[in-house]
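Structure first, commentary second.
Each chain gets a letter, A, B, C and D, in the order it is written, and its residues are counted from 1.
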Amino acid sequence: MNCQIENAAGIKFGRYGGLFVPETLVQPLLELAEAYEQMKNSDEFHRELKNLLKNFAGRPTPLYYARNLSLELGRKIYLKREDLVHGGAHKLNNTLGQGLVAKRMGKTRLIAETGAGQHGVATAIVGANLGFETQIYMGEVDIERQKMNVYRMELMGAEVIPVRSGSRTLKDAINEAMRDWASTFEHTHYLLGTAAGAHPFPSMVRDFQSVIGDEARRQISEAEGRLPDSIVACVGGGSNAMGIFAPFLKDDVRLLAVEAGGRGPGKTDKIADNGASLGYGTDGVLHGALTKILQDPYGQILESYSVAAGLDYPGVGPELAYLAETGRVHPRMADDKTAIRGFRALSRLEGIIPALESAHAIGYAMSEPDALGELTIINVSGRGDKDLATVMDYENS
Amino acid sequence: MRILEAFSHSPLLIVYICSGDPSPKATPDLVRRLARAGADIIELGLPHSDPIADGPTIQAAAQRAIAAGMNTDVYFDVASVAGDAVPLVFMGYYNMVYARGLDRFAKDCKDSGISGMIVPDLPPEEASPLKDACVRHGVDLIFLAAPNTPPARLKMISEETSGFLYLVARKGVTGARSDVLQDTRDLIARVPEGVPKAVGFGISTPEQAADVIRAGADAAIVGSACVDLIAKGEIERLERLVKDMKEAIARAKGKAPIVC
Amino acid sequence: MNCQIENAAGIKFGRYGGLFVPETLVQPLLELAEAYEQMKNSDEFHRELKNLLKNFAGRPTPLYYARNLSLELGRKIYLKREDLVHGGAHKLNNTLGQGLVAKRMGKTRLIAETGAGQHGVATAIVGANLGFETQIYMGEVDIERQKMNVYRMELMGAEVIPVRSGSRTLKDAINEAMRDWASTFEHTHYLLGTAAGAHPFPSMVRDFQSVIGDEARRQISEAEGRLPDSIVACVGGGSNAMGIFAPFLKDDVRLLAVEAGGRGPGKTDKIADNGASLGYGTDGVLHGALTKILQDPYGQILESYSVAAGLDYPGVGPELAYLAETGRVHPRMADDKTAIRGFRALSRLEGIIPALESAHAIGYAMSEPDALGELTIINVSGRGDKDLATVMDYENS
Amino acid sequence: MRILEAFSHSPLLIVYICSGDPSPKATPDLVRRLARAGADIIELGLPHSDPIADGPTIQAAAQRAIAAGMNTDVYFDVASVAGDAVPLVFMGYYNMVYARGLDRFAKDCKDSGISGMIVPDLPPEEASPLKDACVRHGVDLIFLAAPNTPPARLKMISEETSGFLYLVARKGVTGARSDVLQDTRDLIARVPEGVPKAVGFGISTPEQAADVIRAGADAAIVGSACVDLIAKGEIERLERLVKDMKEAIARAKGKAPIVC
């Protein structure tokens, strides 16, 4: 076929990825891709971003040698402390990057989707700081579950728009944001929160999150004089995992991507009992990309499930789907129970309450220590303050 | 082939309905009534759980249809029995096509009497595998162009499309709106000579339909306005709307556009 | 009188400070003072502390140029970002320091008081990380108000002991912790959370918190090539204020200490409507030190009040009382309303939700910009996640 | 002077009560009854909002007394009318003393018939201003020593105290306990010759009182056990307890300690 998209590099990862969107969105996405491509080469852009990451977000985050957990598991465990990033999770690395891109593209408004509210909060932070009008799409069900995060967004001047369609959760919030963007792209940037979706989001978000892996590489080399045997990260859409994995792709480092095993593999007509698109999903198109998704035999998207709201997504970034298929990344699962065990263990052993998402990585590491080798880094993608009520409820049920 | 042939009798009225709304059983009869009322081509939507190109009206119809038992197997059964009074066109999201297998899907279209396919989230760049299957089974793969599609790309899409070119009347998603924009007129004018052009997204009144025909389109596509009447159970008003639209575009044929 | 306490340096600040405790506690305090004095000169101690501050707590915290707030106030405002410290406030600087001291003294148990729970959480973090048995005294009233912080402490293995005496709030929790310590000092360290109380706490806590000011001094010099005209910090017991002030005491820098004005000066028989011991208090002895306190004419301690739990204390550190009297530090007040205004403004303008305590400093700066000079640093002592429900309630009442 | 004189007739029983508990009016009568029952010296507590050296029993008594209207003015009125059957000693926290003014406080003691002052949160190092006032007005300032007070410091405190030396029987706060510790015996033994020693904190039974006398103390101090009975309104049992204690210490006088 005689058709070309300029700057096509990075649109696909093997057969995964792409740009499966309505025609109206093709041009905005290509413009975004081009603008981002230019900024990648702009020293001024990088200076500005670096300044915000350092002085506003609090980077670099520590690489912390977890003495007690190491003792417990009989090997050296380092924790990459994204829980210390402003806002409470790695999400801000990406929203700051995209916020600056949008600003330089002359956009005046940000829209974003959010599930648990972490990406919404990170977007609201950037909206306030960089002076955007900000609107966050959030499923009605999630708004009810995450009142405090809704209030945080509002305090920072963002408007939270309830999404009443579909399952009224994250995937519907993404749909709604895409619909909004289809008519507002001229002045609006759609700030996607994970390394999924249509080109250029998977590569752009990965790039902005790679600061995690870049730092970790430097830090582990300084601390141990070598690279780790393995790196463990949880996977929702895949941004924290790709962020810490990307700088190690060419090295002999085992990359373990831990998905939400939820309640197990069982699924009903409309609902999957997990968030494990790599583990239980099949090829399909969701939110603009060909990737692994949770779907029924006809191609209807299933509602996902996880005790961790941030892993409760029926798709996954296309690059991870590709890396899993080629064997470079090892997809693994931690179910709710394993995650809760990780949550409690890290709190008790180290005095660090991790996000329930991150607790999947910890719980996996604790239950499969032999998979880690002698020296491992676990990415603590966020802090667990937002999850206290959930864990209390889980324990009481 | 049936589609191109239909366009030799333009101006055409193309009507979109969501298959299975309010029930799979009701759809064939609806198709026949719409054809009788004046629809020249019927777009038969396959409902999807995540219809990112659709506004609230069609989203709601899809949810009703899925709840009523619509799925891809039922879809082709419904199409088969709807009869061949007018050409039918599949309209649905790529994941539903992908899940069934591209070749199988194109063949099922052919076998159930569907002449063409519109897949709104499948731009030509991603479409070659489906295109191959469609060619194999003699089904038209109809692409879309939008007001923000730049000239070179519009040319490419015009070359790639088969049957007709679906012009998106405006930015945004499907749904009834109250005016036709200058952007749409510009887009119609920009399409290379000789490509059959149908304009959809936001056309809900006979005046709007006439407007796009006067602006040079070969067909007007009406969707949400009809889906809305079906949702309300007002089938007679639906037939009247289709009839009025058909008359309005017939009168508009060859007239110069009214620029406001 | 012929009696000397060895290492008497720093016991008093002018007439303030001292060691007004029951005889049983004199020896433990003097031992602590001596042990601390030795560790001050131990390179190994400082290495260990520095390592924890960097890799566990996330120091240095940024000094952030608040562009939007600066524009609003027509002068340069920098924010010292203690809100990014692990746990969510400056409190960990002190608990890590004291935790290490206790460890080296051979103690196996930590006790602490807490009001809102911030210091309790910071103590629980250290207890978990350094392997202490940890018990936190907390007023019954506060336990009810701060369920989430209670749960955080428990997750990290600390036991929260309800205090049912007196007003069942912070000051009674301190009383109770002192009572506990009087019979357990042999194996227990009492980890006081602010720069108040008996010697050596005021100087020791100030020293551990001085990392804030040390960093800020280096950072502002790098950023602006000079020292600031002023520094603004809120005052509960005085630890974040002394921490940022201490390294600037000999410089020509205006030091503004903002107390909780609460609902105003009015007080009833048992309750002061504020937490402004410097502003409205008189000389007296509380929790082991002579200082400024809120009391009735007979010397009964009043219950204090502030919308910010961490400023809700009827005393203040003796060094601040002294510095206020000598004129080196300027005591100021921000009432509830001013604090809430500061809270909202920083959220909206910069995308930083400050602790309600810190919001007193911000609110003051916004209402008295002329007091700041051209270049000022505001200490953002903590983040506001813990305060969302309080602010929502405040707005609805 | 009255206190030292009392110690020339040791062993003594010193009884603590919280002034104003259950009411200011009740206190003078209680003082007289206790004196009749055998108390040689009465410690009259001035209730404080934040009694850090006291256990739950005395904390509760203080809260009741404050609620009943006790304050420093009332305190001295009560002391004045309590009569001079036995020496009275003030017991209270330094902030209450400080708030009134040191000189005024010492003078009020003198004027209301109070012979000495015990201020448990005022170590000798901080005491010189109050000491000066006490000397001016002829009031004893009684210091405390504890099992963990090191030798040099014990010597210093023994020199600084006047009237007697208050030996804290154990670590911790006031409150009834069930045994007398070896620590206490050691502490008694460590006090320099010639200093009158009273032992308090945790003495609640005649046996415990006898025990400390046998260990060499000149007086036993009982507090919480009495406050407890007052709280229950059992004044006769209170009188009996005091009587029994007084007899027990009289019998113990000069006996060797029973070491268990």
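Please note the rule applied: contacts are C-beta pairs under 8 Å (C-beta built on N, C-alpha and C of every residue); 3 or more make two chains touch, one makes a residue touch a chain.
Small disclaimer: the values here were computed from a predicted structure and weren't measured.
Common contacts of subunit A and subunit C?
Touching subunit A and subunit C alike: no chains returned.
Quickly list, by label, the chains bordering both subunit A and subunit D.
Looking at subunit D and subunit A together, the chains touching each of them are C.
Based only on mean CA positions, could you tell me how far subunit B sits from subunit C in angstrom?
Each chain reduced to its C-alpha mean, subunit B and subunit C end up 67 Å apart.
I'd like to verify one number: the distance from the centre of subunit B to the centre of subunit D, where each centre is the average of its C-alpha atoms, in whole angstrom.
The answer is 98 Å.
Could you work out how far the Cα centre of subunit C sits from that of subunit D, in whole Å?
Each chain's C-alpha centroid was found; their separation is 37 Å.
Specify, in ascending order, the residues of subunit C that touch 2 or more different other chains.
none
Would you mind listing the residues of subunit D that make contact with two or more other chains?
Within subunit D, no residue touches at least two other chains.
Answer with line, ring, star, complete or other to describe the graph linking chains that touch.
Shape of the chain contacts: a line, open at both ends.
So, with touch as defined above, which chain pairs make the list?
Chain-chain contacts present: A-B, A-C, C-D.
Sort out for me which residues of subunit B touch subunit A in the complex.
Where subunit B meets subunit A, its residues are 48-56, 59, 63, 66, 71-73, 93-100, 120-128, 131, 143-150, 153, 156-157, 159-160, 168, 170-173.
Any idea which subunit A residues touch subunit B in the complex?
It comes out as residues 1-5, 18-24, 26-28, 165-166, 171-172, 175, 178-179, 182-185, 283-288, 290, 293, 295, 297-301.
How about subunit C: which of its residues touch subunit A in the complex?
Against subunit A, subunit C makes touches at 54-56, 58, 61-65, 68, 81, 83-84, 86, 88, 124-129, 131, 148, 151-152, 155-157, 344, 347-353, 385, 388-389, 391-392.
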